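So that you can tell them apart, the chains are marked A, B, C, D and E in the order they are listed, and the count of residues begins at 1 in each.
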Amino acid sequence: MATKRVKEILSWYRSDNAGTLANIARVLNHGRLGGTGRMVILPVDQGFEHGPARSFAKNPQAYDPRYHFELAIEAGCNAYAAPLGFIEAGAADYAGDMPLILKLNNSDSLFSNADPAPAITGSVGDALRLGCSAIGFTIYPGSANRNDMYGEIRELSEEAKSAGLAVVIWSYPRGSGISKKGETAVDVVAYGAQIAAQLGAHFIKVKPPTEDIEQDEAKKVYQSEKIAVGTLAERVRHVVQSSFGGRRIVIFSGGATKGNAALLEEIRQIAEGGGFGSIVGRNAFQRPRTEAIALLHEIMEIYQS
Amino acid sequence: MATKRVKEILSWYRSDNAGTLANIARVLNHGRLGGTGRMVILPVDQGFEHGPARSFAKNPQAYDPRYHFELAIEAGCNAYAAPLGFIEAGAADYAGDMPLILKLNNSDSLFSNADPAPAITGSVGDALRLGCSAIGFTIYPGSANRNDMYGEIRELSEEAKSAGLAVVIWSYPRGSGISKKGETAVDVVAYGAQIAAQLGAHFIKVKPPTEDIEQDEAKKVYQSEKIAVGTLAERVRHVVQSSFGGRRIVIFSGGATKGNAALLEEIRQIAEGGGFGSIVGRNAFQRPRTEAIALLHEIMEIYQS
Amino acid sequence: MATKRVKEILSWYRSDNAGTLANIARVLNHGRLGGTGRMVILPVDQGFEHGPARSFAKNPQAYDPRYHFELAIEAGCNAYAAPLGFIEAGAADYAGDMPLILKLNNSDSLFSNADPAPAITGSVGDALRLGCSAIGFTIYPGSANRNDMYGEIRELSEEAKSAGLAVVIWSYPRGSGISKKGETAVDVVAYGAQIAAQLGAHFIKVKPPTEDIEQDEAKKVYQSEKIAVGTLAERVRHVVQSSFGGRRIVIFSGGATKGNAALLEEIRQIAEGGGFGSIVGRNAFQRPRTEAIALLHEIMEIYQS
Amino acid sequence: MATKRVKEILSWYRSDNAGTLANIARVLNHGRLGGTGRMVILPVDQGFEHGPARSFAKNPQAYDPRYHFELAIEAGCNAYAAPLGFIEAGAADYAGDMPLILKLNNSDSLFSNADPAPAITGSVGDALRLGCSAIGFTIYPGSANRNDMYGEIRELSEEAKSAGLAVVIWSYPRGSGISKKGETAVDVVAYGAQIAAQLGAHFIKVKPPTEDIEQDEAKKVYQSEKIAVGTLAERVRHVVQSSFGGRRIVIFSGGATKGNAALLEEIRQIAEGGGFGSIVGRNAFQRPRTEAIALLHEIMEIYQS
Amino acid sequence: MATKRVKEILSWYRSDNAGTLANIARVLNHGRLGGTGRMVILPVDQGFEHGPARSFAKNPQAYDPRYHFELAIEAGCNAYAAPLGFIEAGAADYAGDMPLILKLNNSDSLFSNADPAPAITGSVGDALRLGCSAIGFTIYPGSANRNDMYGEIRELSEEAKSAGLAVVIWSYPRGSGISKKGETAVDVVAYGAQIAAQLGAHFIKVKPPTEDIEQDEAKKVYQSEKIAVGTLAERVRHVVQSSFGGRRIVIFSGGATKGNAALLEEIRQIAEGGGFGSIVGRNAFQRPRTEAIALLHEIMEIYQS
């Protein structure tokens, strides 16, 4: 049966049907962190987003879609997220082994755009036939094309929820509306999390925010209200608060590959700030399997303690 | 049973089906002003529109979506209006406690545009499954993109009306078609109200108009016909007249937070001018709860007297 | 805000969406018994079921559909239930005054059948456009045609629930499968309530059960388990227990017109046995209006004490 | 503009949309009786129901569908009602000349059945493309197949109303549930009118009732309540009362051809009893055109006085 | 990760999509027997099928739908199967705690029929919104109405499989085509299992077969081919073989309540004969909770050894 903490988290989503609640629970209950209310998710969309060599050449086993299913399973992640092709390539072979998140939109890097807009690459029907627990979707607040994305996830989300699926939104501000540095500014990350929550996300994924504050109107408030954003833990706490006062699941990406020490320190701060977990992609699959599993276990231990 | 005044207001909407009439009545009959034909609505879309810190940091309880349901209920507002995420986060827990208005489009501030255009963020199906009495929608007359908005609300409105829901239009002129000052010019506000009425709105929300007159062709008429626009009360009267001779419900926003005295004087003029009520957001939820309730009660008393 | 008791009742229906919960709450919160968790509903389908003269000649004002709306409103009933024509004839004039239940099937008495089967006479779309809080439906367990009814309400119920409406099932065993006396036998009434609950009803309406036990297999269990069915209160308690251990709303009809003393004694026993309320049709509308209101108030007082 | 009486009649149908109200008004406002609230309708479905020779041989011009359009127009009837073929054969030629009622079901006499059930012979789409103001539909209460008819008109009626059409129900009790004499017994005719009203009809057509009372349960009430049914006028008054207390339009057929004196006396009684008008088929089109027009004018004069 | 045995079982269903495989795996992996390829399922449809007192009076806690969820969870069953009402009454509260099977058809005992035919009482959409892993459906081979059932499950099964759900068929031969004794005759049970398999079931539920052979044509073969049916283990082996050579999951019901010794001996024979498990309803929920759990654990131990 669900732990007290999982029951508490589910109580935030009472407008959802029992199917969606069960799928949120499935993700929360799976893996090494199952039942703690904390999560580590393995996402692998870099093949689509950055190209295969940039993504997989460092660890060529990772070209094979089965590798990622097995990595997520062996490491005891809560879920595995990927675009249609990668999910199709393993969903039957690993059926029932792991909660799956089908990413329904993706961007490639063969065309670059000041105002990015991902392509729709999967459907709710695909998620059902492939046995996924959730759909995933990326929005780019700050892009001139953001409204198209908001409209798309609105429609997909209504369909997913009525079929009992959960909804994960990757909120990654970027585009001509904000500066490059602003993409991870704490006000922008918090705002991105709020937008995802208002769009009805059950799980919100954002980047670890920096100390920068992008918007002048926001800066006034951060100063006058003395919002603490000096440490990553403080900033994470602020982002979590910005996500419906802590009543939405917010998880953080690891971003570009980095050294173990730096990464683990980041995780410690996320955990301290009340973040619900991490989504660890490149830092996991671009290392040799045993190293990756060891690292993921270290991350999970931080969240467990 | 409905009061004489509520019956009179309902008689203006005889082309609507009984379901829509019942939902208009629900809003008019609820709360402290129930039955008077006057209304105070709590709207909270600033998290989406301005970002979380700018909206909620002054009163951090307001990060929690439950806060706003409870504020609206305790203060005795007629209805609570918010985007999908905020409504989903409380609709089941507060089921039946308060008429709800689901805002079906929203703009964020991470991208700014001379010609703004909100994203569609909810559906009529969402409004039904969440037990809402009305859909809400923002139009920006004056924007190069206005026709998209008019077309979207036309379609949503037809669907909402056939399902027995009411329609609230926020008419906020802005965009490259008019000057910044013109956004609240009395001719423009009156024109915006007329457009909302012509689009089939049951409730129309506008900003309190200034004495400015934006359009030259309009100025001639205001002068030749000696339309009184010297006081806010006169301007409100003119806007109400411009909304089908007073046969549509027109309510006024409070705009940016301001001192109590200024706000209450504004309400007095709106009431004197025949305005049907106020929609009070930031002036309510950015204060401590008891202060907010006291202020809302003062506002309601003005409308009652 | 909802009372503790209403919150408790709503907690039994957590698989339902917020719209359905709001409509269940609307019925529970309306009228003199609002908030107590007890209910009195005025149903008027006798015009269709028994013909106009048999139904209305005793109190000719009752030929007029407005009469019943006004009776339900003045008496402070929780809801008014009727077929399409009667609801259409008042839904706009009394919009928002009273929760309405649209009965979606009805039988007439110009053709009688050992195995009765009602006609479908309304739709979920009708319920929405007329502003109803619930659909009503009659099943005849014991009829050779029962499976058609079960299949019809299954489909209507799924549609109603997804549109945020509540579902009321009148479970009236009759037909060639059971004896005439068996129609109100305690085992049969309890079984009829269970079937309605398993079909997904939010509100279940049954007849007050007699001490008879119809089915031999059941009789053995009533005897061996010493199920107390000696008084009406005991039988009501058993029927409520048979409806998901008391976690479904079960209300009782008054049946044919009878003297006040007999009727009120019956109500007292229903209340004592934990029944959630009464549905009082002929005993209300076949008397002069003031007498009817006085009687309904007496009934409500019993449920309130 | 509509007369006071027409406005009053329209006020009974406030749950209907403006399109349906306009079509009810069109019928009420057309022809010699336009605006009086009384009506004479020419129906010609006998070709389908009884065969061509039985219907048209007495007055061979009547084989030609144009004849009936012209008869209705020249006589100043309120509307002309016929099956698909007859309407298609003149709708374009006489477009705009006369409110049309498309009968959507019909029975033929080449197969006879103790429990009659008409065929569906037209659609709401047909009614719209042919410019009709209303759909017409026949139900046979008392037939074992009645529920099919009730279900069909329910569905057609919902569709027609949402497209702004009016609904006319011919309620002709017959079938194995009642005796031959019972088909026009006053209790049965009143019951048939009630069923049509509960099914949502705007116009109800019944046969002039006889003094017989068919059902034992009804007889008791007619006696105990001393319902006056001695004269046709009294019986008409009772049927009108049985149709929502006089708040539904009830018109009476003339039945088989008869002498002028008998027919006119019948009309006088219908008018005296508060009937809303007559539907005169065979008594009109089976006579030479001038005689028919003279007779129709005499009938209209009775209703006008 | 799935065990070798679960992988082997999944390999029999390679034509199914990954979603269906994941749901089959969920059932196989859950509970005390998770991963063994053996299963114990708690089914509770007796409230609908036999009435509430006959089902729950022996252990009155069982009137409450929550009881069965908790019993299945505590005992470590693989899944819980019930009709719509029982599943709705707990699916949100126990979301994610246990694989659920929504029974989509049910029969009640208030009408009995030589040729039984259940009513449709749920849909694939219901199963999705309630978070179920499978739909359940009963067929009655031998009934004159069997083809309706086969047609219904074919359609529901196609829909369920495309949405990633699994399909459980209860194959219970009965009806005028076979004798009472023949319902559990070994040839008939084996034939019923084959029909379920041919209809595309993933899980097949049958009754433990007796030594009887019902059909003469079959008897000849059983004799000539010396098919061993002397012991229950042999008969179970034959039924499993009859279900696609053992490549379909076949489970056995316990039938009416009986003594522990008899029941456990039956289970031992089923296990010995290669049966995949048991579906234990009345023998579980009609005992006190601790006794029931102890018994279920004993059953699971037999299957585990």
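The working rule: contacts are C-beta pairs under 8 Å (C-beta built on N, C-alpha and C of every residue); 3 or more make two chains touch, one makes a residue touch a chain.
Treat the numbers as computed from the prediction; the structure is a model and nothing was measured.
Enquirer: Which contact partners do chain A and chain E have in common?
Expert: C
Enquirer: Over the chains that touch one another, what is the least number of steps taking chain A to chain D?
Expert: Step count on the best path from chain A to chain D: 2.
Enquirer: I'd like the angle of the rotation relating chain B and chain D after CA superposition, in degrees, nearest 5.
Expert: Rotation angle between the two copies comes out at 180 degrees.
Enquirer: What chain is most central when centres are computed from CA atoms?
Expert: Centroid comparison flags C as closest.
Enquirer: Between A-B and A-C, which chain pair is linked by the larger number of C-beta contacts?
Expert: Output for the comparison: A-B.
Enquirer: Do chain C and chain E, two copies of one chain sequence, contact each other through the same residue numbers, with over half in common, or through different ones?
Expert: different
Enquirer: For chain D and chain E, let me know how many angstrom lie between their CA-based centres, rounded off.
Expert: Between these chains, centre-to-centre, one finds 57 Å.
Enquirer: Indicate the whole-number Å distance between the mean C-alpha point of chain A and the mean C-alpha point of chain C.
Expert: Once rounded, the distance between the two centres reads 49 Å.
Enquirer: Using CA atom averages as chain centres, what separation in Å is found between chain C and chain D?
Expert: Distance between chain centres: 35 Å.
Enquirer: If you look at chain C, which of its residues touch at least two other chains?
Expert: Residues 14-15, 17-18, 88, 91-92, 125, 130, 162.
Enquirer: When you draw the chains as points and link the ones that touch, which shape shows up: line, ring, star, complete, or other?
Expert: It is other, because the touches fit no line, ring, star or complete pattern.
Enquirer: For this entry, which pairs of chains touch?
Expert: Here the touching pairs of chains are A-B, A-C, A-E, B-C, B-D, C-D, C-E.
Enquirer: Name, in rising order, each residue of chain A that touches chain B in their complex.
Expert: Residue positions touching the partner: 12-16, 141-144, 146-148, 150-151, 154-155, 158, 173, 175-178, 187-188, 190-195, 197-201, 215, 217-218, 221-222, 225, 227, 238, 241-242, 244-248.
Enquirer: Okay, in this complex, where on chain A does chain E touch?
Expert: My answer: residues 1-2, 6, 10, 14, 17-26, 28-29, 73, 88, 91-92, 94-97, 125, 128-132, 162-164.
Enquirer: Where on chain A does chain C make contact in their complex?
Expert: Interface residues on the chain A side: 14-15, 17-18, 162.
Enquirer: Within their complex, state which residues of chain E touch chain C.
Expert: 47-48, 50-54, 56-58, 60-61, 63-67, 83-93, 106, 108-113, 117-123, 125-126, 129-130
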